[in-house]
Structure formats: structure tokens, C-alpha cells
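Below are two complexes that have chain A in common, paired first with chain B and then with chain C.
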Partner chain A sequence: MRKEEYQKLVAEYTPKENKWKNAVVAFLVGGLVGFLGQVVVSVLQNSLGMEVMESYSWLCVILIFVASFCTALGFFDNWVSKCKAGLFLPTTGFAHSVTSAAMDYRKDGFITGLGSSFFKLAGSVILYGILSGFFLSILGVIFYG
Partner chain B sequence: MIFFNAFLVAGLFCFGAQVLMDNTKLTPGHITSIFVVLGAVLSFFGLYPKLIEFGGAGATVLISNFGHMLYTAGIEGFHEVGVLGFASGLLTKSSLAVVSAVIFAFIFALLFKPKN
Partner chain C sequence: MASKKFNAIYIKNSFSLAGPVEKRGSIKDYDIVLDDYYYNEKTFEQAEIKMQKVVIDNLLNQSRLVNSEIDLLVGGDLSNQISISSYAASHYSIPFFGVYSACASFVQTLIAGAEYLDNKRKGNVICVTSSHNLNAEKQFRFPIEYGAPKPTTTTFTATGAVSCLLTKEETNIKIESYTIGKVIDMGCTDASHMGAVMAPAAANVIVSHLTELDRDINYYDLILTGDLGCIGSKILVEFLKQAYGIKMKQHMDAGCELYLKSQEETYAGASGPVALPLYLFNKVLKQKKKQKILLVGTGSLHNPFLVNQKLTIPAVAHAISLEVNL
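Coming up: the complex of A and B.
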């Protein structure tokens, strides 16, 4: 087989990532998470008489619980790799990354494995969140008083 | 209407994140970090509260809300206890998300084994 033919064959069998399809899936799944979140929040406010901020806090805990639990059961990894940004951009992604790191590294021990790798994936979110939050809030007080 | 807005806000953010990821070499780790910082920046310009007002839970389920909460908690910390409040207050609001993620992740790591 000649080199060009071989390259053609490789190109044929390389899975093509359909960018538009990915983006639409992310939009629909992410939107669904937001929509369901709003349903939960509305139920909490109207049926249990919760205040708005309190309902958002409960929603946050519920989402983290569900994402952690689904990760623990083993099918959430698959969902995240299919739905991509639709599931890793909401808080579910944060919970997923912490739970999967905890489960994967537990075999290396509780200190050297689970403990030291716990925030392996979520650490950057916490680090850059704290950095930007800290310096911007100082700027905010300087600018807006 | 708020349900539609929630869908729209969360959907558009995820759409943006996906387009960014597919057209660059950024990983989900990069994207989530960028969106946390973006949340703090939007909050700085006073836009994130408006986004929550418009999209309700659609805005609060996003990781950007983490940046927004850090920013507003830093400001509130300053108004409550002064300069030290930037540090002592910063995590007060996001404590809920971090602590519950830690608790659930640890418990589930004890109870479940990875499949592969």
C-alpha cells in the first residue's frame, strides 16, 4: 500500500468530532440542567415556603449529591463524555471530578492516594476562583466603595 | 417564563464552553477554571446578579456561580469586619458547595468501587 493510500485510510477511520453536534448537545443538556434546577427551586419555594437564596443553596446540595451518586454508580463518566460541557460546566462537573478522583485514587491509600489526589481535578477551579474572587473583591471595594 | 430563561442561560453557557473546547486545545479543567473566573468578573461588573434575576436557577447551577459567590462574599466580608474580611469572608458562601462535595465524594468513595 502506498503512503498516500494509507494516509487516506487513516483519515477515513479517524473518528470525526462533529463540532456543531457537540455544541447543540451541550446546549440542550446544559439547558435541561438549568430548567430542572428551576423546577426544583420553584417547588422548594412554593411548596415548602423557602426563601429564594435558601432554595438555591438546597439546589446546589441536591445537584452535588445526584452527580456524586451517579458517578459512584459508574454511569456518570459515560454521560459526561457524551454530553461534555452540558454536564461539566454546571456544578455537577465539580462534584463529578471530586468523586471520580476520590474513587480512582483510593487504591493508593487514604493519605497518599485519596487524600492527596482528592482535588486533583477540582483544585484548579478552587485555586483560580479564590484568586479571582479575592483580588476582584478588593478592586470592587476600591471602585464601588 | 423563568423556566424558559433558566434553560436558555444554562444552555448558552454550556454551548459557549463546548464551542471553546472544540475549537481550541483546552481541556474541561481549563474551561471550568475560565468560567469560574468569568463568573467573578461578571459579578465585578454587576452583571451576574442580573443574570440570576433573569435566568434564576439556570445561572446558579453553573460553575460560574462559584466565582460570583466568592466575589460577593469577599465584598460582604469587608463590610462586616474590614480588611481581614476579604480573606475571612471569601469562602463563607461557597463553603456549602465545597463541603458537600467533599462529604459526598468521601462517603461514596468508601462505599463504591470504580467499575473498571
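Coming up: the complex of A and C.
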């Protein structure tokens, strides 16, 4: 049997992922996190009298803490895998990726393990985040002065 | 031709240790079960080394043998540089031979051990293998606590360790023959669909075994593959039919059988070199229903770097034939 024929056979027996279902789950969960974030921001602004920018900084800190704490308690990975892309929001997803990497490598030494592997997954986000920021800011200067 | 028959090589004893997920699976009477992945050690790697030591120690006790009475220790596992087996072996004054062919390692240890014993008048060889779900996750996939969504074709690395003693003394389990398989690459690139990667290698070694020893597929009461998983098993049966015209009815896959269908976290079934011996020693041989068994260990020979470089994944399978005196 040729390789192409075999790949066809494999495709026949491979269950199809339900992409629409995944998308809907991700949309609802992601939306719910956004909604909760908005509730937190409103509480911070209205009850504690914070400025808008200050309240968003606090929201960021709260999301990072909750995601990292839940990761450390060991159940957040199940949530993330069940919610598909819904919890891969920049803040919770990023915190989850660095905390899980830190937990894996903490016993391999602070420099050789924890330090060097901390951004194992999040490194791409940082690198390409900075790069795209750089190029977008050049475009911003060209078009808007 | 890489098949060979033996006259008098037997499996005397075995000892199995299984992890927390396996404990909830289809087999309830492992010799030892773990409640947690650390096994009172600091790290998972150290836990796996301890798992191997525990199964070797218990096998020696059970067989009433001491280090000096064992001629050879053959071991294999999934860790980088098979360091788990090597570190475990450092605790014994027994000559050690480390082998690797991913999840086919257990069958490879049996072949190496039996080959050593062949043409000897007496002797004892211990074969040991292990895998640890979280060590495999860390090495081959993502950090343990990272919740990457996984496709349904993913297999779940079994946690456990199994040791067995090969001797020249007659027992009711005879190692009758073996066939060493070729490395087969059928163009699969998806490391989370290892059943598809390994099925052609399994088919190839089954066909080579039958041809070289001039046997029909129905000669065997059971063909037990290692860790193709539930999806890979179907692919194997279909591939044998389409590519070689062989109808295989008496097939079982240890990976597909080890867990219950209700254990959703295990996706398509168990993988890892320990899946095959866990199922063989604790279910198939204990049931005492099958006389002629062909074990087919299947291994996906990838490493994460080469997968990232988008190379297609090669696989190997080795077969060993057991005759059980019921």
C-alpha cells in the first residue's frame, strides 16, 4: 500500500473533531470570563472609587493570580482542555502556561530548571508580541505621524 | 530474515506495579498499586526509578533469588537516554543491558533476554520496563499542569512497572519464537495519533513472522498488540486486510483494553512500554484461556525535535510468540 493510500485509510478511521462545538464552547467561556472581568472592573470603580486605568491593572493582576493559583491547585488544566480556546485568553492562558512550566521544572534547579524553562510555552507570545508591536508602531508612525 | 525459534526458554515469575489511573481501569488485582504519582519521592523521575527497583526487588524475593544468581538484567523505558532503567540498575550488582524501541521496549527486553539464555544450560535473566504518565508528558508533550486541548486520537501513557524472570527451568509459559521488525514510515506526522503511526509496523512484523515461520494467522489463539489504542487497532485490522489480504479476528490491543470506556481522560487508550506487560501478566495469563499468544510490541520512534522539524514519524514493532501450558 502506498503512503497516500494509507493516509486515506487513517483519515477514514480518525474521528472528526467537532469544530463548531469547540468554537461555541470557546465563545461562551471566553465571553463569560470577559463578563466576569467587567463585573470586577465595575466593582473596583464604583465601590472602591478607582480610576479606569488603575482598575484595569488590578483586573489583570486578579486574573493572573486566579489562573496561576488554580493551576497550582491542579484542576485548571482540566478546565482549559475542556473549555478549548475559551480560557486561552491572553491573561489567563499566559499565566497558566508560565505557572505550569514553573511547576514542572522547579525541582531541576532555580537557574537550570525554573529560570530557563519558565517561558517555555509563553516565550513565543512574548517574542511575537514584541515583534508585532514593533512593526505596528512603525505602521502607526507612517500612517498617523 | 529476523525470526528465530527457541527450544527451552521460559517465563517463571512476574511482578507488576500500576499507577492511580490504571487502578481504576479494567484490571483490579495488580501486585502493587500507587495512590499518587510521587510514590514518596521528590520528583516523578525519581518515583519511576523507585517503581523499577520495587518490581525488581519483589521479583527477586518472590523467586527466592539474590543478585549473584541473576546473569543479566535487561531494561528499557521512555525517558531520555533510558536513564530510568540505568539508574535503577545501578542499585544491583547484575550486568545490565539497556534497550530502547519506545513502547516496543518490553518485547525487545524479552528478545534480548531470551537470546542470551539460548544455548545455555541454565541461567536467570530479569526483564524490566516502566513508564510514568507525567514523565512522558513532560518529555514528549507539554508541562504536566498545562491543559492543552487534545484530539480524541491521543493515547494516555500508562504508569507502571513490570519485571519478569526468564529461566531455562520448565514452567507453563514458554517463549517459543520471535521476529524482529523493520522500521516503517508511512508518512504520518501527527504525534498525537500514534496508533496510525504504529499500525503498519505491527502489520509488517505480523506478516513477516507468519511468513518466516510458515504459519497461518489462525495458528494463534490471540494476537496481542501493545499500545495502538482503540483507533489504531481498527486501522491495523483494516490495513492487514487491504494490504496483505489477512483477516485477523483474534486480535486484542493492550492499550485499548487497559482502561474502562468511562475513563475519558485516557482518550483512545493506554500507551507506553508497560501497557503490554501489565495487560499480559495481569489479565491474559491469569485468565488461562489462550494457549498460543503472539505479543506484538509497537513503538513510535519519534522525538519532539524531529516532530517539530515536520519529519514523518517512523515506527517499529517486534513480535514474540508465547506458548502457555494451561
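One rule holds for everything that comes next: the second predicted complex is superposed on the first by the 128 of 145 C-alpha atoms of A that agree within 3 Å, B and C clash if a C-alpha of one lies under 4 Å from a C-alpha of the other, contacts with A are read in each partner's own complex, and residues count from 1 in each chain.
The working rule: a residue touches a chain if its C-beta (ideal position, glycine included) is under 8 Å from a C-beta of that chain, and two chains touch if they have at least 3 such contacts.
All values derive from a computational prediction rather than experimental measurement.
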Does chain B (first) or chain C (second) touch A:Met103, or do both, or does neither?
-> both
In the superposed arrangement, which partner chain does A:Lys84 touch: chain B (first), chain C (second), both, or neither?
-> both
Of the partners chain B and chain C, which touch A:Tyr6 in the superposed model: first, second, both, neither?
-> second
Counting touched residues of chain A, say whether chain B or chain C comes out ahead.
-> B
Partner chain(s) touched by A:Ala23 [first = chain B, second = chain C, both, neither] | first
With the two complexes superposed on chain A, say which partner A:Leu32 touches: chain B (first), chain C (second), both, or neither.
-> first
After superposition on the shared chain, which partner residues are touched by A:Ile64: those of chain B (first), chain C (second), both, or neither?
-> first
Examine A:Phe76 and indicate which partner it touches, taking first as chain B and second as chain C; both and neither are also allowed.
-> second
Taking the two structures together, which residues of chain A meet both chain B and chain C?
-> 17, 22, 71-72, 74, 84-85, 99-101, 103-104, 121
Complex contact set, residues of chain B against chain A = 2-3, 6-15, 17-19, 21-23, 28-29, 31-33, 35-37, 40-41, 43-44, 55-63, 65-67, 70-75, 77-78, 86-87, 90-91, 94, 96-98, 100-102, 104-106, 108-115
Residue numbers on chain C that touch chain A, as the complex places them = 42-43, 138, 142-153, 186-188, 193, 196, 200, 231, 234-235, 238-239, 242-243
Please name which positions on chain A make contact with chain C in the complex.
-> 1, 3-4, 6-7, 9-10, 13-15, 17, 22, 71-72, 74, 76-81, 84-85, 87, 96-97, 99-101, 103-105, 107, 120-121
What does chain A use to touch chain B in their complex?
-> 17, 19, 22-35, 37-42, 56-57, 59-61, 63-65, 68-69, 71-74, 84-86, 88-95, 98-104, 106, 114, 118, 121-122, 124-130, 132-134, 136-141
